[in-house]
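Read through the structures below before going on.
In the two complexes below, chain A is the common chain; its partner is chain B in one and chain C in the other.
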Partner chain A sequence: MMASLPPSDLQASAREPGLLQAGIDSWRIWWTMLVICLEERLVYRGDFILGTLMRFLPIVTQVFLWTAVFGATSRGDIAGYSRNDIVAYYLLTMVTRAFSSMPGLAGGIARSVRDGSVKKYLVQPVDYIGYLLAARIAHKLVYYAVATLPFAAVFFFCRAYFPPLPDASTLAAFGLSLVLSFFLGFFLEATLGMLGFWFLEVSSIVFAYMLVQYLLSGHMFPLDMLAGIPSGIPGVSLASLVHWLPFEYTAYLPAAVWLGKIKGADLVWSLVIEAGWVVVMAVACRIAWRRGTRRYSAFGG
Partner chain B sequence: MYDKPEGLFSSISGLFHRTSRVVEALKGVDLTVEKGEFVALLGPNGAGKTTFLKLLSGIITPTRGEARVLGAVPWQRTDDFRRRFALVMGQRNQLWWDLPAAESFRLHKEIYRLEPARFERTRDELVDLLGVRKLLLQPVRDLSLGERMKLELVAALLHEPEVLFLDEPTIGLDVVAQHSLHRFLAKVQAERQMTVVLTTHYMKDVAALCKRVVVITHGSILYDGSLEQIVDRFTSHKIVTLDLDGPPAEERLKRLGFPYEIRGPQVILRIDRTRIADVLPEILRGESVRDVSVEDVPLEEIVAELFRSEAGQAPAGSQR
Partner chain C sequence: MGRYLSIFLCCARACLVRDMTFRANFLLECLTSVGWMSMNLAFYLLVFTFTSEIGRNTGWTREPFFAFVATGLIINAIVQAFFMPSAEELTEMVRTGGLDGVLVQPLDAQFLLSMHRFDFSSLANGFVGIGLLVWALLRMEHAPPPIAWLLYPLTILCGVAILYSLIVMLAAATILMGRNQSLYDFWFYLTNFSRYPAEIYAGPWGSPLRALCTFVIPILLVVNVPARVIAQPFAGQTWGWVAAAIVAAGGALVLSRVIFQAALAKYRSASS
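For the complex of A and B:
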């Protein structure tokens, strides 16, 4: 009945995983995944070129709209934004969105649950979230490689709308907020995608999220405009409520930092909240994956 | 690691599999597979074969029952365990679709923490055995199904798993590709003393590879034993085919008292195994027989018969 199992050659030759070695090993796995994802993305680089240019189309409408708004009023600014500021703001949110938007991430996760390709990550000794992150970074890197030129061209033509270049520390804060917005966007959407373990189809959830996101992230208008609007909670304006939600860090914050709308302690505090949300969503994503796979494995698939 | 002696899979019993309503996908499945065995898991569609493989590879967790693979509980999915087995599903690919297989292999090297020299040696060996070296650098999406399956197998075997689960690996393949997979699997399994559990609907796979056959219907084991014994146990007769020169003398055939069928110049008789030796000379004497063959009932037929029978009505002694 019982067979004694002699240790295989493989085990004998396997590296003994100390803590440091384990760390190096998972870094190596992750790095290889990144490189391979890069190669894969490069197969589709053509998609990006057209996609990038299309992204600038909606902004033209926005510029016309705000030109009309400013034409109808004698005021020089609205909520502290001049007409030039507004155009610069929209262009900057394009940059932010290039970091924080994750096209196809949630839907892709849900699809892999539905069609069963997620099984591969249950069978192989590899971390799915780590893989998704590598794939997304690769996706973004290829995107930036392709999109930098059109972005630079648009910014060059629109340079008149921008205030003088901010100082080094503001630029650093801008850079940090962008990197954090990438991770925030990633973990937000990945967590949404994990809902695919509970619902067959997450596209309507993702759509609802996109709507709220569009409104509250500052993608639609600068969030300073919410400052005077009551939130329903006594003494709290809508702007300060939104400040505690994750959305504004995926579009508004980096743009506002560049334009010098947020400074000093406010800036530090905003970055802390942003980093806090990254941690919260990373943990939420991990929990959703754990629970989801447990559920998946209990219900088959 | 696991140095205490243990059966590879021991005692998997009373397994449940839950969907929105409770479906007993597997119930009385009690199975032990020893190291180095090559086992075929047969059963009609929906019998629970794939569910069984999913359990053993830790993709699903049973509501009840237990299983040990290589001493580990599969659905705990520890990395140590996952480094020691592989699962290949004929209808699902693990290779990266848009990249050459060589890239997927490179990723496997890292995921399974393989020594570079050893990785290269194993890869070259497997690739040459299947004759797919020239395919390594082509994007997987450009390959034929057979070529892809070969590379899937290479990918699965790179980390030299001690246990391999194959879920319908030959599905949709042409005869040539099937043959080369058979040769390959037989050789690798024998060399490595790998334990393999295979599900299939092709009896050719079973005949070429597996000494032991487990038949599952309705989630429980109907037969567990050698391939030869299936034939012994479930058929009482052999098939005798006669090639005749002239038209068959039906009178004489009827007198023999065995069921027969006439197909053109051929007569096919189903004759009791114990009586073949007595009857055959008599048949050959009377007719102008050009050729004769005596064969077992084809495996397909026996298994189809087995699938049709309800678990409860299994012939005596077939349950383990």
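For the complex of A and C:
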């Protein structure tokens, strides 16, 4: 099938001998994909800005809910979080989710398998997962460009809820955990989408994943609140059980790092585990792609 | 009126038949819907391990609060089952010109556009809500008086009417704008404010917000009034809340009708 296609410049350059040239060509393709995706995202910038601003609305109700909870109890803190800490936590999880959430990624992959559009990536010298990653980075870059202003305004407005600015090493750990959360979120969802090669329709699986993810990532509440809740396994709390799963790295960890809830060796260990999960999910995604494309068949033009 | 009722029932029957054709999918949708709701209930249970009340001296202790949540589930289940699916289709109908086919029908366009497609799987949450309400009422310190039982369904209808009006107004915006995906997101974020008792919106920022969501966009009356009627001691001020809900529902229905008709008057066909 490949031989019947007219040789394009891209294909010609991809066949160039030499490791360096191949690397440059690969980078050029990836960069072109990124620029195209950036332009695509900016077409609907009005809708994008409106959607970004609206995402802050649920936080408002959470702030009032927890203020009411603290108002009704004599406790100074809940699971180590003061009222201000909880508000800051929710705001920080918004930042984390801005990195780790991948709306439409899994569904889009499954749809491309179902409607056959994935086959163009099988005949072109473009790596599908690489293309998806470029598209997602473009999506995020546009999102950050648009969202920085409302985020900065909200954080400035709510600055009283935050503890003093963390030291440089904590800030670096926070930044690293955010970048890793992006890759973890991407590979988690992409792997789910690859299940489309086996099930065609993955919307129910994605919805079930979203439910579990929302609950166990710490998006809904700080996971430290689960410390006293039994898991059903003798001597193991629900919080300990959740720490073994990858979800907390997509919302809880960066927020907890900023607020100083995780420090020293625990912090280093958490980042190592997060990086480990990224590698595991990247490999799982690649294996799912290889096995999926091996069993995939398409007909027609 | 009889003709409209028979068409409504005919559409409902057709949608039920379609849902039952894909029974496994229907069951899965019910389960995922209940799963999402269960997760929220788990969160509220967790909150009540740290406090006995939502807000000091508000009366929203655990059982009344779960009656509040149950009321919200019932109202949202009705709206999601009977009105939301039609509204979601409207965007595509405007964009593709399918709205023309509706406008030439010898029926009221608002009726046909807002009540032609139903999603019965959304009613699953409503049934769980009824179960939760019974559970909460059986454990409450005070039983609701007979008048509360009479006013409860009425105020639930008022809540449904307010939400329906909001959907119709957003549908009108769809007709004017051609596409308004963000506005439907806005509907979900806005109704988020109705998920909690009005008392939590207090303080220098909460009070104006509460006034805005009560008198301008009466979203706080949707769940708060029926829940207050059934789950809080019935007092003189409860009548004030009931009257406010009735007035808000009537006003919202009239306003949404006017806005929808104005939007239709500005509609230009997209079909060829």
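Rule of thumb we're sticking to: the second predicted complex is superposed on the first by the 280 of 301 C-alpha atoms of A that agree within 3 Å, B and C clash if a C-alpha of one lies under 4 Å from a C-alpha of the other, contacts with A are read in each partner's own complex, and residues count from 1 in each chain.
The definition used in the following text is that contacts are C-beta pairs under 8 Å (C-beta built on N, C-alpha and C of every residue); 3 or more make two chains touch, one makes a residue touch a chain.
Just so it is clear, the model here is predicted, and its values are computed rather than measured.
In the overlay built on the shared chain, the residue A:Leu19 is in contact with neither chain B nor chain C. Legend: residue contacts after superposition of the two complexes on their common chain; A:Leu211 is shown touching chain C, with no touch to chain B. Of the two partner chains placed by superposition, A:Ala160 touches none, neither chain B nor chain C. With both structures placed on the common chain, the touch criterion links A:Ser117 to chain B but leaves chain C unconnected. Once the two complexes are laid over each other on the shared chain, residue contacts for A:Val126 go to chain B alone; chain C is not touched.
In the superposed pair of complexes, A:Leu200 makes contact with neither chain B nor chain C. Shared interface residues of chain A, touching chain B in one complex and chain C in the other, do not exist.
Residues 47, 50-51, 54-55, 57-58, 60-61, 64-65, 67-69, 71-73, 75, 78-79, 204, 207-208, 211, 214-215, 220-221, 225-226, 228-229 of chain A are the ones touching chain C in the complex.
By the touch criterion stated above, chain A contacts chain B in their complex at residues 1-5, 7-11, 13-15, 25, 28-29, 32-33, 36, 39-40, 43-44, 116-117, 119-120, 122-126, 294, 296-301. Contacts from chain B toward chain A in the complex involve residues 1-3, 5-8, 10, 17-19, 25, 32, 34-35, 51, 54, 57-61, 63, 70-71, 75, 77, 79, 82-84, 86-87, 92, 94, 96, 98-99, 103-104, 106-107, 109-113, 115, 118, 139, 159-160, 162. Those residues of chain C that touch chain A in the shared complex are 28, 32, 35-36, 39, 42-43, 46-47, 49-56, 58, 181-182, 185-186, 189-190, 192-193, 195-196, 199-203, 206, 209.
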